[in-house]
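Got a structure for you, questions after.
Just so it is clear, A, B, C and D label the chains in written order, and each chain counts residues from 1 on its own.
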Amino acid sequence: MKKILAIDGEQYACTLTRTPGSLRLQAGERSFDCALDALGDGRYRVRAGDARREALIAQHGDQVWIHLDGRTHTIQRINPLDLLAASGRGGADSALSPMPGTILTVQVKVGETVKSGQVLLTMESMKLEVTITAPHDGEIAEVLCAPGQSVPVKATLVRFAAKAEATS
Amino acid sequence: MSPQPIRRLLVANRGEIAARILRTARARGISTAIVRHPDEEGGLAPRLADACLTINGATPVAAYLDVAEIVRVAREWGADAVHPGYGFLSENARLARGLAEAGIRFVGPTPEVIELMGDKIRARNFVVERGFPVAPSAVEADDPATFARRALAVGLPILIKPAAGGGGKGMRIVRDAAVLETELATARREGERYFGDGRLFVERYVERPRHIEVQVLGDSHGNVVHFGERECSVQRRFQKIIEETPSPALTPQKRADICEAAAGIARAAGYVGAGTVEFIYGAGGEFYFLEMNTRLQVEHPVTEMVTGFDLVAEQLRVCEGEALGYAQSAITTQGHSIELRICAEDPAQGFVPATGTIHLLREASGPGVRVDSGVHQGQRVGSDFDPLLSKLIVHGRDRREAIARARQALRDTALLGVTTNTAYLDRVLAHPLFAAGDYSTAFLDEQSAVLSGKDEVQPLDLLMAAAALSDRQLVDAASSVPAIYAAMGGWRN
Amino acid sequence: MSPQPIRRLLVANRGEIAARILRTARARGISTAIVRHPDEEGGLAPRLADACLTINGATPVAAYLDVAEIVRVAREWGADAVHPGYGFLSENARLARGLAEAGIRFVGPTPEVIELMGDKIRARNFVVERGFPVAPSAVEADDPATFARRALAVGLPILIKPAAGGGGKGMRIVRDAAVLETELATARREGERYFGDGRLFVERYVERPRHIEVQVLGDSHGNVVHFGERECSVQRRFQKIIEETPSPALTPQKRADICEAAAGIARAAGYVGAGTVEFIYGAGGEFYFLEMNTRLQVEHPVTEMVTGFDLVAEQLRVCEGEALGYAQSAITTQGHSIELRICAEDPAQGFVPATGTIHLLREASGPGVRVDSGVHQGQRVGSDFDPLLSKLIVHGRDRREAIARARQALRDTALLGVTTNTAYLDRVLAHPLFAAGDYSTAFLDEQSAVLSGKDEVQPLDLLMAAAALSDRQLVDAASSVPAIYAAMGGWRN
Amino acid sequence: MKKILAIDGEQYACTLTRTPGSLRLQAGERSFDCALDALGDGRYRVRAGDARREALIAQHGDQVWIHLDGRTHTIQRINPLDLLAASGRGGADSALSPMPGTILTVQVKVGETVKSGQVLLTMESMKLEVTITAPHDGEIAEVLCAPGQSVPVKATLVRFAAKAEATS
């Protein structure tokens, strides 16, 4: 079974296999035995080849946080099938929320044609006001939020019509 | 009048500052309560208070800004004093008045002084009249019709500020006359939303200035002292993230000048309580009055670390009517202190606020390390409030020792589950200009390329191993290889 | 010779002091290792060190006392210096010599000074010759045959001490001539076992004395300074459990006298490194040299809290060959500091050591609070070592604020799973004589009736509810009542 | 089901019963509704009648530690049947270890007659030497430890012959 590990944003493919008495991780050219022993309280002993270290690890779903050598690393475990599915989408694009927060105003309607840079909506997060503008000229296909609504990061706020139509 | 001890204190705030105020109040044997909106969960402060009072409002922030609501719960609980912390209603004269009408003391200066200093324009005029320097400026209220023109006449670049503002909220630099109108409109909206007051003024923007402030304290018997300065120039988006004392910029003479100016302003205002006078400090040693904050500052702990005073205890004593009981000469400083603000934000994405759950929390400790935390393991961090989670404060015999301790304490801090700025703060501390003390408020912007540089992912194999092996699915799949392959595994590689 | 930086430091110790030394070493960018016997599990120090070196021995204690073993691992790991902490081999000249032969620095004074001060009799003679006062005494080695008689001639009560001892180990008070022989025999056995030296001496026991000590520091360039005194009279079984500075007993003049005497003794001995000169302080203000500890003390943090110096950093600097770089006048103090030793012991059972597993650990924090801990949640506490788990150190602007903070910090400390002395320490802090600063080394014994008084179990119903409801068996039994009874339950009561 | 709770050494009998919608604790004369909600990380909300408080709780077997209002309380949950069984023993008595530690010397043998106050053995715990003496005259029936051995607290070290014989 193959997984993609996005470590602090960089993607690495890896495969884990069992060898007698150990687990072996294959990542690109490299391949090494590895082990992980829980020491209690979120602390683990990690082994990768000859390297051994203690680390604090927390996980939630496919997100892993590792505190190692005084630095915290964020790792996303991605199933390659999901990546494939994501690349299959496309065509129409969207304006996403750059951060979690609350929608203040929505300044466009479905069917409206907007110019690049035009204000689509404003939102607020942790006392900061942010203006979301159109990344390019186009037609609004869908508005997926309303003033007062709380949205997570990377939520689709406004969807554009497919470009072929929008540029007509 | 003989001192009236505070017996029941309501802390009308949340997060780290509520916890910090509660610690001092509890050690003084005072019964304590805090407020809390029904939408909030977790938090360290509720664990430290004797009571937790519900305040209602359309949003959590609205509840914390609702004077009537705070007065109501204070009265119902039987508070004899309310400490407002910083932010929210801490500089709101209506709260001070509303409490006074209910016979409850407000831990802060009189409503008149709050109003004087809260109106940036009146405050500037007050200070100018006393002979202290302020930067060239234009005030909207003087003649709204000509404001834009007068603003430009101050000379670009200019800084737009809400007349009722503070803490950097709603401030915008304008370097290009073409965007002036848009920026004025945005600043006005923000001023209305955060301070209920859309009036503005502009000031000449001093390029690459330092932000230096002085802690002052006055009692109700006419005594005013200062506790030295704090250097607060390390800012992103006008928000301080690292503060220190003493300032690496000041000569002993300049320090005396600026501290005495601050104490002089406080004395002129008949100031009672803890307050901070902020100055813009230019490269040539000139300094201008910026504003006076009539409350405790986020960065007050660095002053406590070098003077040995507990400023919250002093606030409470003054509020009880006690005289300071010491002279300026009794306030000495020892060593150097630095504060780091640990925020839920992603510096790699333009400091965008981060949310999540703190799955694991280990805080720094040891000699010279103090943590003023507002969070606990298991807590959910939402987007309702500002992103400050906790403050790491260190003390060293000199600046070099303080920096070394700060860097070690950052490495000892593990907060897993929410993106924070700890690695970014460490890169700032490691920057040669920071080490040299040679920086201005433009420092983080000017050095953003260096500072945003990601750490090289060193222990890559270890991280991959930990991530893969903590994945049940992956380990199970590896282990369910048919027995024949498993047995052959040893020979095939 | 120019200073030689330490790059690789081995800490030949364990527990809180190893963790504390590691924190300073790491902040200075030094690579670190500690030692550990295979029977030991857990501990905070191994988590802070870069490496953990196995030392072998029949028992864990034996391994920590094995000079050859420490030298071996130091050499194999490539240490360029060894910090011995306190206890174990910290005052062992053979270790200092063994390391020197291996080209490794010992963080402490020269072997000659260790030997001089380690032999209590030679040390007393040395101090007497320099004109400092010591208490009347008799030395076994002067004439073993007549020792018992000479001991009695000193005048009862007397205190038996091992000639090679320290830290209160093996000391016994004799008030009755009839038990002298038995007590001498026991003290001799203990001396042999702990110090490998059964020689004894006796001293006139000063009734209700104070134990006051002075921190000194010398560099290799002939400079010696002191860092003020520590009051260490709160003792049980000759072991300090609460220390503070400044001493509530001293006038400014007495303080100057005793501190200068200490610095004078260190100077006369050509002392290099951190050391402590201990005095017995009588009710009339007279003081006698007791002994000099040629190492860091358990209670050194209170000195750090009021002076702002990091004494471990100073030890390392001196060991590197640096000059102090400051004069006596540069060492000022600020406020008041108290240390509480949190021990795994049951004060209700005569301080019998307690063992167990720390199932849950919450440490105090906040302004003016420092925790020097050696343990972590989940750790097993056995009986191999002394019962000190962690130290709670507080600072306040004055003694009253320090006591209030100490009491609050104790209440904020939760260590569940092992019996500790926290409630006992709080009763000591709450005692009117402690509040008045009016106590001697006899304080805990004299007040034992008051201090052993159990807290009234106030929240009895809550405790019963929590204990019963956390019992699966009990809850299941209650819940498995047949449905018919459960349905009737509401009507029957 | 009845249990004895030894709270900081004081014993209290209690019975837990379910009433509709609640659990009821009966302890002596008093009887009150109670509840315990886990808040995570060892923290609980405890309710007993009208009293409500947050507490830190840890347990191990029948031992419970509760940190409440700044004080730590130790509670032993005892099954009444065990108490009954214990009281049934007796006759011969023993010398117990007063603390956990290591046996240094054993100075008596099986069959030896000892006087009250006579040294039976010495042990060491956390660098403290302790002498265990005979609580009364008697004959040694059994020696259950040897030099170098580690013993827990309240371990039986030496057993005396039943008194009727020993005083003969």
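Convention: contacts are C-beta pairs under 8 Å (C-beta built on N, C-alpha and C of every residue); 3 or more make two chains touch, one makes a residue touch a chain.
Model, not experiment: these values are computed from the prediction.
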Fill in the blank from the handout: When C-D and A-C are ranked by contacting C-beta pairs, first comes C-D
Problem - Whole-Å gap separating chain B and chain C, where each centre is the average of the chain's CA atoms - result: 39
Exercise for the section: Could you grab the centroid distance between chain C and chain D? Build each centroid from C-alpha atoms only and quote it in angstrom. Expected result: 30
Fill in the blank from the handout: Separation of the C-alpha centres, chain B versus chain D, in whole Å, is 52
Practice task
Treating touching as the only link between chains, describe the layout with one word: line, ring, star, complete or other.
Solution key: other
Practice task
Pull out all the chain pairs that touch, please.
Solution key: A-B, A-C, B-C, B-D, C-D
Completion exercise
So, in the complex, the side of chain B touching chain C is made of residues 19-20, 23-24, 26-29, 301, 304, 307-310, 312-313, 332, 334-335, 363, 365-373, 395-397, 401, 404-405, 407-408
Completion exercise
Seen from chain B, its contact residues with chain D in the complex are 47, 376-378
Handout entry: Partner chain A, residues of chain B touching it in the complex
Key = 59, 61, 169, 186, 189-190, 193-194, 237, 348-349, 352-355, 357, 359-360, 362, 382-387, 410-412, 414-417, 419-420, 422-423, 454-455, 457-471, 473-475, 477-479, 481, 486-487, 489-490, 493
Problem - Of all residues in chain A, those that touch chain B in their complex - result: 1, 3, 5, 7-10, 12, 14, 16-20, 23-25, 27, 30-32, 34-36, 42, 44, 46-49, 51, 53, 55-60, 62, 64-75, 77, 98-102, 125-129, 150, 152-153
Completion exercise
Per the touch rule above, chain D residues touching chain B in the complex are 40-41, 43, 54
